[in-house]
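Structures are listed in the sections that come next.
Here come two complexes built around chain A, the first alongside chain B, the second alongside chain C.
Up next, the complex of A and B:
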């Protein structure tokens, strides 16, 4: 029993994966007949392919958010930062829409992401303004700039790139899946480095880490920069699907990213968790919304229903713990 | 040959002098013990040596060259490692991650977890058989009991292979087998020519291990002895200051008689307490003494129902199982908490609101605010709270006056049992004296008071009886007739067996 408990405490992603499997199977069953008359696996793949591409921006944002939360900070500007980078990405191809031009633009976009992350990091770690306040404030800075670059929904992306992203299936699996798998692999590498290990230390007890010689300020600064970098990739994932952008698109995704991280078993207290759980957290969130969409629920009630389901999912680990405690005493 | 000397170190914290002349010398192959009563500056001196705090004046010499550290890491680089009193571990990391934090063995960019755990295992083996089998390199620190967390802390200092090692109250949460193991390790370190500074309140431990003993009193080094040539009794009398004027007027040389038992506690256990029995009579002022953190707060919080406990707490002969503080309040019990800013006051709200907070239900629905205000004025005047007016925020008051507000808010409820958790900490002398008069009055009026204080003098001056606590147990009960400052400190710093020996 003790061992089982220890396992669940250390592997925070196990519960989210179980939840995810449950949700995706429900969705598959509900949508089965809509997925075309083909074979079983093909239908399943179709469902995955269709959805994962849509989920990918939020998945990347949730990864960024998870890293920041593990480090004991929070980033409430991450959605708007993605919106800003997306606005930049779709407004650069007036004359030249070659692949070379795209690569140039994307490198600049990454620079914007990292710079914006550093901007957050300076206030959070150096000036020591609480991250909740800092990043809430900078979120308006980012959305303001986004609206200045792209005043109304629109813009465009090079056709070649978007088509490539939508239609390529390396080894028969959609691009989205490959991207998720490679981020998981990257995470595995990252968390076994000294930087990755210290991320947990700083989030777990800032003072003790400092006393042991971890340069907390530099560390937290870098973590916010990494979050900005990932947000730039999220922006790319977004505009590759839509081919255009909306300056307001990021706003709601910030809180979604926090919800997905918590749903993925990484708590907001810092020092524990990982990013694999949050990845499944996002997909669970997405499929729940799909299910509600397909369940013939009135459009107006949909947000209410999916919010309630998410609330139950979020609360269930604590509920189970409470019940177990009552049973034992 | 290593040699560390501190000369006349001075340190003030927000106007309070923690150290006025901290002197200490330690040579390699030597164990130096640092002794002193509560608040005598032992920990501050250690923190200065290890660079946790910077001294205001004075000199620190390492091998006769002046040094100053601005961070603990710098001290570590010079070979000075410390095991602190407050734990400095990251609870969500494993034992091995904690011990080697920032010094992980690397393979390129990756941490070599296997050799990390191997190295940790070697350290863990130092304490083999004195820890539970679950104490392995990969156990999370937050799953460990306090004694094993303390051992991790010790191992962390050992892992740096220091030349000078400071153990600040490192034995306070260890059991006897673990202490024995630590002492045999200290013996080994001595042979390896390490220098050790050992701080403990336990007289027996100091005499077992120390070669030299330094005594601190009120931030000043007042004695430097060879351990073999000094007697326990002399050390204690040196730790107790005789010259200091007695603020408390000890008019209670007469032993008062009490009949009616109001509160009776039997076999009280919490995570800190290991079986406490006592009773409080009507109108009695019962003191709780002992070194800091021996479980005194737990006693008060158990009676008030704010922490979980097992055992029996009877009020007027009826057993009570409080699960919430409101139940204790309904029985006219009040607790004046230790940390007034955190637990006692709403700093930004007015004096009026703070005084009225626990009593609003008395004023019915709809609220009789006028009557409430009048009552608050009466309380404030009787306590002589110095303030602009009742609507001034508590944060604008001085420490002493803020503490009066905390007391006032509970007096407003006219408690029969008053629990005081170190109420005079950081309070000025004038207010203290007013407060002592108030306690005497309350007792005369029949209020039973349970009074924990870290200031031994006020306990001696005020109480009808004092319970001296140690390691979650009552070490000694001192009735009025036996209550003196030296008997109290003797009981605090010596264990049971020694006590008889030291007092003869």
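Up next, the complex of A and C:
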């Protein structure tokens, strides 16, 4: 019994995966019949492809948020940071633009993401303002700049690129799956580096890490920059699906990213967790929303249901903990 | 004590004093800059107008001050929707008459208290981070409003209530040019001063703000005090929403949204420490004054919303960089 408990404590992603499997089965059962008389594999692949592509921006944001949270910080600007990069991405093209132009723009976009992350990092680590208020303030700065670049929803992406992203299935699997798998692989390598180990150490105990020679300031700064970098990729994943952007799109995704991380078993106390859980957290959240969508809820009631899902998702780990405490005593 | 902390403000320049100086400077400078009437009488009347407008933000930021003082990274990001909720309830219950106003007030404050209770339970018992908890409660509140009213709210403030909130308040024939909203603000500020400084709850609030562990060991019921802080916060915020409705008369669904960020900025500008346990409501009142002066400058120079957001965000960062810094690790 003790061993089982230890396993669940250490592998924070186990519970989220079980939840995820339950949700995905219900979801596919509901969506499946809507697709007409195609072959099973084809229908399954279609669903997987569409769903994953829709979830990918939030998945990347949740990964960024998870890294920041493991480090003992928080980033409430991450959604607006993505919105800023997305606004930049969709305002740089004429209709006949080439792939070379796209690459140029994308490199600048990544630079913007990293720079914005560094801006957060400077205030959090060098100036030492609590992260939740720093990033809350910068979220207004970022969304202000986004609205300045792109005053109303619109913009465009080169069609060559969006079509490529939507239709290519390397080795028969959707692009989204490959991106997720490679991120997981990168994470496995990353967390075993010195930097990765320090990330957990700083998140677990800042003072002790400092005392044992970790440069906490530089480290936290870099973590916020990495979060900005990942958010820039999230922006790309977003505009490749929609082909345009909305300056306010990121606002609600910040809360979603935190909820996904919590749902994925990474607590907000720092020093524990990983990014595999949050990936499944996002998918669980997305599939639950899909299921609610199938229930044909009135459009006026939809926001309430959505908000309640988020509240329940946030509260469930604490409820489980409280119940376990009751059972033990 | 903190020798290596670097730049620090001398003790006698307390944040509220700096904020007050800033407000006066901004006000005087803007009077010349914006080509308004710069005679003494003109300045006085403009000052009165500014204070009359500040009352709304000042009232709404009262609750925010209480939760931030309670510490534990406490903050209320549901303040904006609480204002909207209270305004809508007041509009519906009062239904453009003055007869139902007392019932409307009670209903609005009760609804606010409920929101605060949910926030408090989530933060203090379920240990959800205040930012995330209050943000999701804001979503639930807005969702509930939309689900009930389906986009169309009938009703509004009665004529007498509107008169009271937006016209100069008179005692007999005497008037100082301040509206009923300012009178309500003064009333609330005295009430908060009393709660914070003269009651046992106030002492406990500061105690849990400084150090929860120590407060717990000295017999303070930490969880109960923290929940109480959130409840009081939302009740005061709801009162702000009630007064705002009297001013705007009819209600819309984002009536409170614009108050959220300024309410936090006002608290910070007023020198209340974000870590909790240190600060005052009169600081917040002056913080609200600075923000209102700034807003009037931005409005009359026709700055776009996007630029206004950038300015406010950077202002908040700059202010906290001045006096909200945490201790360095090297100590």
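Here is the rule we use: the second predicted complex is superposed on the first by the 303 of 329 C-alpha atoms of A that agree within 3 Å, B and C clash if a C-alpha of one lies under 4 Å from a C-alpha of the other, contacts with A are read in each partner's own complex, and residues count from 1 in each chain.
By definition in this document, a contact is a pair of C-beta atoms (placed from the backbone, for glycine too) under 8 Å apart; a residue touches a chain by one contact, two chains touch by 3 or more.
None of the values given here were measured: they were computed from a predicted structure.
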{"item": "Winner by number of chain A residues touched, once chain B and chain C are compared", "value": "C"}
{"item": "Which of chain B and chain C A:160 touches, first, second, both or neither", "value": "neither"}
{"item": "Chain B versus chain C as contact partner of A:21, first or second or both or neither", "value": "neither"}
{"item": "Touching partner for A:107 - first (chain B), second (chain C), both, neither", "value": "neither"}
{"item": "Contacts of A:268 with chain B and chain C, given as first, second, both or neither", "value": "second"}
{"item": "First (chain B), second (chain C), both or neither touched by A:213", "value": "first"}
{"item": "Which superposed partner A:140 touches (first chain B, second chain C, both, neither)", "value": "second"}
{"item": "Set intersection of chain A contacts, chain C complex versus chain B complex", "value": "207"}
{"item": "Interface residues, chain A side, partner chain C - complex", "value": "74, 76, 123, 127-130, 132-134, 136-141, 143-148, 151, 206-207, 210, 216, 255, 258-259, 262, 268, 298, 300-301, 303-308, 310-311, 314-315, 318-319, 322"}
{"item": "Interfacial residue positions of chain C with respect to chain A in the complex", "value": "73, 75, 122, 125-129, 131-133, 135-137, 139-140, 142-144, 146-147, 150-151, 261, 264, 268, 274-275, 304-310, 312-314, 316-317, 320-321, 324-330"}
{"item": "Complex contacts: residues of chain A adjacent to chain B", "value": "9-10, 189, 192-194, 197-198, 200-201, 203-205, 207-209, 211-214, 271-272"}
{"item": "Complex interface listing, chain B residues touching chain A", "value": "52, 71-73, 76, 87-93, 97, 101-102, 104, 106, 109-111, 113, 140"}
